[in-house]
Amino acid sequence: GPAASSTEAPAATTQTIKIATQSPLSGDQSVLGVDIKRGAEMALEQNNAALLALGFKVELTPFDDQANPDTGVANAKQIVSDPAILCGVGHLNSGVMIPSSEEYHNAGLVFVSPGNTNPKITDRGYLEVNRIVGRDDVQGVVGADFANKQGMKSIFIVHDKTAYGQGVAEFFKQEAEKLGMTVTGFEGTEEKANFDSLLTPILASNSDMVFFGGLYPQAGVLFKQAREKGYAGTFMGPDGMDSSALVDIAGPTLLDGGGMVYSTVAGPASVYPGTAKFVADFKAKYNADPQPFSAQSFDSMNICLKAIEEAVKAKGGALPTRTEVANAVRALKDFPGITGTFTFNAIGDPTFASYFVIKVNSADPAKWGENAVIETLSIAPPSK
Amino acid sequence: MFSKEKFQDFLAKLNTGYTPYVLILVHIMIGAIWVYSSPRSNVAFVVFISSLLTLYGLNTNKIFKLSAGLILALVVMPVLGVRNIFYLEIMFQISVFAALSLGLNIVIGFAGLLDLGYVAFYAVGAYLWGFFGSQQFYAIPYAPGIQPSDLPFLLPGDMFYLFIFIAIIVAALTGILLGLPVLRLRGDYLAIVTLGFGEVIRVLANNLDKPWNLTNGPQGITPVQRPTMPQFAVDGFNNFFGGIIGHTVSKADVYNVFFYLLALLVIVTIIQVVSRLNDSKIGRAWTAIREDETAAIAMGIPLVQMKLAAFATGASFAGAMGVLMAASRTFVSPESFSFMQSIGVLTMVILGGTGSIPGVILGAATVTVLNLQILQGFSLYLSQLRQSDAVIPIINFAWKNLSTQLDPAKYQRLLFGAILILMMIFRPAGLIPAARRQRELAADDEE
Amino acid sequence: MALLQAIDVTKRFGGLTAVNKMNFELKKGEIVSVIGPNGAGKTTFFNTLTGLYRPEEGKILFNGTSLIGLRPDQIAARGIARTFQNIRLFGNMSVIENVLVGMHFHLKQNMVSAILRFDSFKKEELEAEACAYELIKYVGIDTSLSNELAKNLPYGGQRRVEIARALAADPQLLLLDEPAAGMNPQETEEVTNLFRRIRDEKEITILLIEHDMRVVMRISERISVMDYGEKIAEGSPAQIRSNSHVIEAYLGRGAVAGQHEEMVK
Amino acid sequence: MKRFSETINVRELLRPIGQMIAFSLGGGAVLSLVVVLLALLLDQTAVGQNLQARYSVSLVTYTLANLPQVLIDGLTIGFVYAAIALGYTMVYGVLEFINFAHSEIFAVGAFVGVEILIALKNAGILSAASLGVAYLILLLALLAGMTASGFLAVAVERIAYRPLRGAPRLVPLISAIGVSFFLQDIIRLVESLTTGQFNRIIPTFGNFDERLIFGQLPLGATTVVLGVQIKSLIVILVAVIMLVGLNYLVNATKIGKAIRAVAQDRPTASLMGIDVNRIISITFLIGGTLGGAAGVLYALKFTRIDPFVGFFPGLKAFTAAVLGGIGNLTGALLGGIVLGLLETFAGAFMSAFTMGAAGAEYKDIFAFGILILVLIFRPNGLMGENVSQKA
Amino acid sequence: MSLLTLENVHSYYGRIHALKGISIEINQGEIVTLIGANGAGKSTTLRTISGILHPKQGRVLLKEQDISHMEPHNIVAAGIGHVPEGRGIFPNLTVKENMEIGAFTLNDNAEIARRMDHAVTLFPRLKERISQKGGTLSGGEQQMLAIARGLMLQPSVLMLDEPSMGLAPVLVELIFDIIKQLNEQGTTILLVEQNALMALSIAHRGYVLQTGEIVISDTAANLKQNETVQHAYLGVE
């Protein structure tokens, strides 16, 4: 058993294993990217004991992909050229993940993605590419189903023109039309501050719901301005909305009218108690609330650690190869994370990712944790 | 006593007779052996590639320079590169950006037109092959993300070679199309219009997924095909270099070498074209326009035509490089063509020395190495320190306690910005100033 | 037939008529001066001839064909070269490059031949260079200065380079705008002789604007006087010198004019 | 003592206000006419039917009902652009270079203003403030932002631009890009040292978020509520004051004349007894101050700021400056108004006129497209005058 | 005691050694002229005095005060005016504004207006062009403006660099008359002219510069008779 091995085999010389992260640490996407790194960092600090006991010191090697494919690929090559790196966590942008993961694949280095929901990531079927988040095609569907159940008739869809936001929005739209709801508009915008012009058709369409495919900083401002202009319907969004800063930005009027709901793959505290501890630890360590994908990054890192541990054990305490670690990731069964329980399917998607629809209950950012789960779904990724 | 003159004498002595030959060879040897023996040391790599500078700067005969350069670029680099593909990637990116900088240099350095949207032409090339070299043609009816993945490819991968040439033409035409209306504008107006144009191209790439899905929007197009790599090439590479490299090289890595060499080829072509043009009536006309438009036109130089020529030439190189990039990455997405990229290339040109071909190449190399290797390496090093038990000696400060907010990895722009400012203050004419400009600066610095 | 003919040329700036119904004719091989008070419209008239300004009214015929609406570079290509009142050399190009730029439209090379370096290209470049050296020598610049940056030459030297650059275009008509301004008497005399040589040896017609009567009176075969945009007198130097209207408006009666007389003798 | 009219050039005070009104009315009228005409033309075509199907209103009704609000929104954002553009224009006018770092100077102003408000909020002062006090507090934040940005701009010029005065034109440009990067990360560093996060949200206080309602227009099943937010009015008001003040300073005072002289010929200006360095510092001070004010107003209007907030508004503002004719203050205003109106019109009506195929995502393309068009016909911008050097 | 003194002044443009140890003395109330071939360093001398260029070696003294390292605006404030070669008109300022800038150091609006009136009566042409932009003036009009602007300051020492360049003969006469008048009213004048004969005819003393060095200095009358001067600079054969 693990306990036995940890007492008997503290190797005389500890070997160093490294785990890489890649996310934008600089530039305007660093808000999210830095917290991906932090989530992983915290997981490593909290859970490196098992490997240490086996005689392996685990180090984090954080890389900055600058949200730029060229930098991502160059870093990827640097990562794969370091034999001590056995597992990786990243990226934020699908546009960076896709070309970079070609390198991981060539080198047999396993990566666990905390945030890339683009279907293409796993559709290539690489052994080395896994993710613990749901796919856009599922999350969009969850949202649309929910909206339908709530009796929404007309929906205006907005997205942020990123692979993530537009991805979710496209699937939401597809499903919504299938369910017979009217999609009154489908518009993308890179605007971050002034939504006046976009609000003209939104208000004129008199839709029951506005769905925003994207992240909370943009959504918060949009929702705030929409309410200021008198929009009274419901707002909805995907897991990119999951931040207390949303209500801080959007202000109390967010809850007026139809209020605000969001779908998420990250379990709320009531379902996954680990989440609450994570948030508390995070605040203690970094003096800030974790951003979206930070908890997922925490889980991704834990999966890496666990897989390496399993691989080491399977090899009788010796340093495993990258392929062995990659296989070990796929071999994990019902890994208990704070954002779900994970088992990977043949292409690296989590089987039966859990999806929640959550309603925002309070305009006080401090009470973000008290948002109510109003729907829980467990959905398998579409089979290929 | 140390004196400046003595030191300069000493330097001059080093640069005569056989000494420079010895110095160059020693530098290359040390660099190569060091990189070979510790294939992951950044310092070793910087020492190694700086041997190109020694080779360029020291005074040796042309044939020696050429053959040493060729061996370095065609043999030593690929061999060391496949031992650590990160280096190959850096060399590849240096080549790509050097090619882009050389193209932009025609526009800025020679004709004096400030173009802030240069990557637009790069995007044109990349999307051209991205569209024709992938399944995108058959994905037109589907919204991004929801197309089936088993669509056929429109063209075979070997059309890649043809598309390099097509891209040259298409990018040049795009340059002319943009240039026609705007080239009458004064310098800074041109700057902002080209900036706008760069944004327009990026926004189009991001948005032309509706009503017809031509670019697949923000998701980008993948997979983009590469030309076929015959097995014998892979085997040949392994047979030939296997002994030195120490492991068998996979097809993917031979592709890396291939694209690296292709980029080199483009650079050599550009250098030839640019220096020959510069040394003809066209180059003289560009300089004349840069100096005084009114006088130039009164001397019979057709202004718009010459400016268009500069614009189109610059654009065409970017177009060719775009095709190369799309194939090497097998992926194109709008993120590669942001305004920041344009600024990056501009920085390389000016940092290296506007109008100076070797300068611009050095500028591209410096920025790329700085960005991908030195700054990242520095950050990693500090991050390692923070995870170790190391202590700063005298003040007895444990690295562990360094606030996580101070993580240097997050502040690359700060470092980069500071480097830019300092460079401009202390070396405003660039790393290797253009020969002509050097005199200009020397004469002006009293004013 | 007249080489150049300006008929009723008018150029206005807002409310100001800088050139007013100007009629002017130039025969092949002449040296003619345009003089007149400051702001009379002389430079503006030059600028309309070379296409930098488009006149509101009137015709300009060169060798019988109209120049109106042509771009400056097209007009230059038809054989009109010029210098500028404020020297406008390409300061950061060498002297010889400046002269080579003047040959631009005579060179047959194009992008393709320049890149591929055909023999014809090399030959042409060599010839052009030789020709440029010739011209530099011709205008009286030491050829050892050929590779000096133009802006590093003293004022008088720059004026000469400008003339060489204009000659490089192998023009039929050369327009000189105050070529002797800022020159001392000795240099003034040298360039005056140069102009005469250019006309005699190269058979180039010369039209010049100048305030220095030492130049004007010595070489002009004919002088046109402008004031307030109009031609107020025309004639031989002797006629103009004694035209009371011109004396009043332009020459003045005092020391300067007298001095010039003295000097010319 | 001199009489008022002798010392104050009233004409220079009134002229920009008149121009402002003329531009706003003119720009709005032209664009309104275009969309209304388009709507009339397309009403009975597939375009109209598509809209009928989606919103159950006719295209003409849709256009007419939305028009007033779109005009108001367009002008508001236009004034924001104009306010930022003034800073660019100021510096460009004197040094003839694009101060890329202006967007970060703007951001610093925004952060200083917002941090003060957050501090006041945490001290409980903000929530207790009466309306009058709220306005005073806003003024305080505005002044603080202006001061910080003003001094920062002067410091940046000293350190990063002044040593480069004699260098070729592109050199200070690169230095400015360097400053821009540097400041972005400095803001990030400073802000995250205190709270771990580097974005900030302006506290809600006073009545700035309230919307003054003018009336309602029926639109199919719904109504369009016409109104303008108090904070938008504040933005416009401050921008107008800034413009008038700056215009007066530059065109009617001695300092202004000196600024223009330095802009055109530094050595000669110094021969006139003008202290060139001082004038350049003053210019940066003014430009920075305006940038800081714009930053605080921006935060007030759009709620959330981060160290990169300056970038896009900066880009737009610079475009506006060029559109109007760079270096020309009134031009900056006109450019801002035109750009603001244009993009708001594009964002609001594109989707209706293209049957949903293209919408708000193209509004920037629209802005740049118009810029190119304008420059083809007026190569020096709308107000730029062409002082060609004489041959 | 001299009003303005140059002691062994060396000036450089980058590496170009333009003034090689020049010493000049100008007394209160004098007209002093500098003559020399193109590129001799006449303009450089004026630039060095007015602070646009700082000497690498040597001193410039104004009434015994060392001004060699003062900035141009302070030198102007100390009473030295400089009408530069090439005119230096502010192209986007109107004629009127150009003239107002000339009196920048002055704060009395009435006095400024008075001086402006005086200047435009001297050059009626400028009055016609009063609200035209400086950059669109003809060459000679710009020259008039430059001189008029120099008069606005009413400095105690006025340096004029080739004031007659590009001017019609009548105006050249006028300019020299004005210079004489100014001098009679007490302004000390340092004059650089290509038209050396005329310059010498109104000057008290003159210096001859040759490639950055002073080769002759004498009274104007003597210089006029000096054969070298006659031959090289007066065009007498």
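Each chain carries a letter (A, B, C, D and E) given by its place in the written order, and its residues are counted from 1.
The criterion applied here is as follows: a residue touches a chain if its C-beta (ideal position, glycine included) is under 8 Å from a C-beta of that chain, and two chains touch if they have at least 3 such contacts.
Not measured: the values here are computed from a predicted model.
Most remote from chain B, judged by the distance between CA-atom centroids, is E. Here D-E and A-D were compared by C-beta pairs in contact; the pair with more is A-D. In this assembly, C is the chain whose CA centroid lies farthest from the centroid of chain D.
Between chain A and chain D, the centres computed from C-alpha atoms are 36 Å apart. Centroid to centroid, with C-alpha atoms defining each point, chain C and chain E lie 29 Å apart. Centre-to-centre separation of chain A and chain B, using mean CA positions: 34 Å. Separation between the centroids of chain B and chain C, computed from CA atoms only, is 47 Å. In chain B, the residues touching two or more other chains are 203, 206-207, 294, 298, 410-413, 437, 443-445, 447.
Each of the following residues of chain E touches two or more other chains: 16, 52, 136-139. Within chain A, contacts with two or more other chains are made by residues 26-27, 30, 161, 188, 190, 286. Residues 39-40, 84-86, 88-90, 93, 143-146, 149, 203, 206-207, 209, 217-220, 222, 250, 252-253, 329-331, 333-336, 338, 340-341, 371-372, 376, 379-380, 383-384, 387, 404, 407, 409-413 of chain B are the ones touching chain A in the complex. The touching residues of chain E, counted against chain D in their complex, run 50-52, 71-74, 76-77, 81-82, 84, 88-93, 97, 100-102, 104-105, 133, 135-139, 149, 153. Those residues of chain C that touch chain E in the complex are listed here as 13, 16, 35-44, 85-86, 152, 154-157, 178, 181-189, 211, 213-214, 249-252, 254-257, 259-260, 263. Interface residues of chain D, counted against chain B in their complex, comprise 92, 96, 98, 159-160, 163-164, 166-175, 177-186, 188-189, 192-193, 196, 267, 315, 318-319, 322, 326, 357-358, 361-362, 364-365, 367-369, 371-372, 375-376, 379-381, 388-389, 391. Of all residues in chain B, only 108, 114, 181-182, 184-189, 191-193, 195-197, 199-200, 203-204, 206-207, 210-211, 294, 298, 339, 343, 346-347, 350-351, 354, 403, 405-406, 410-414, 416-421, 423-425, 428-429, 437, 441, 444-445, 447 touch chain D in the complex they form.
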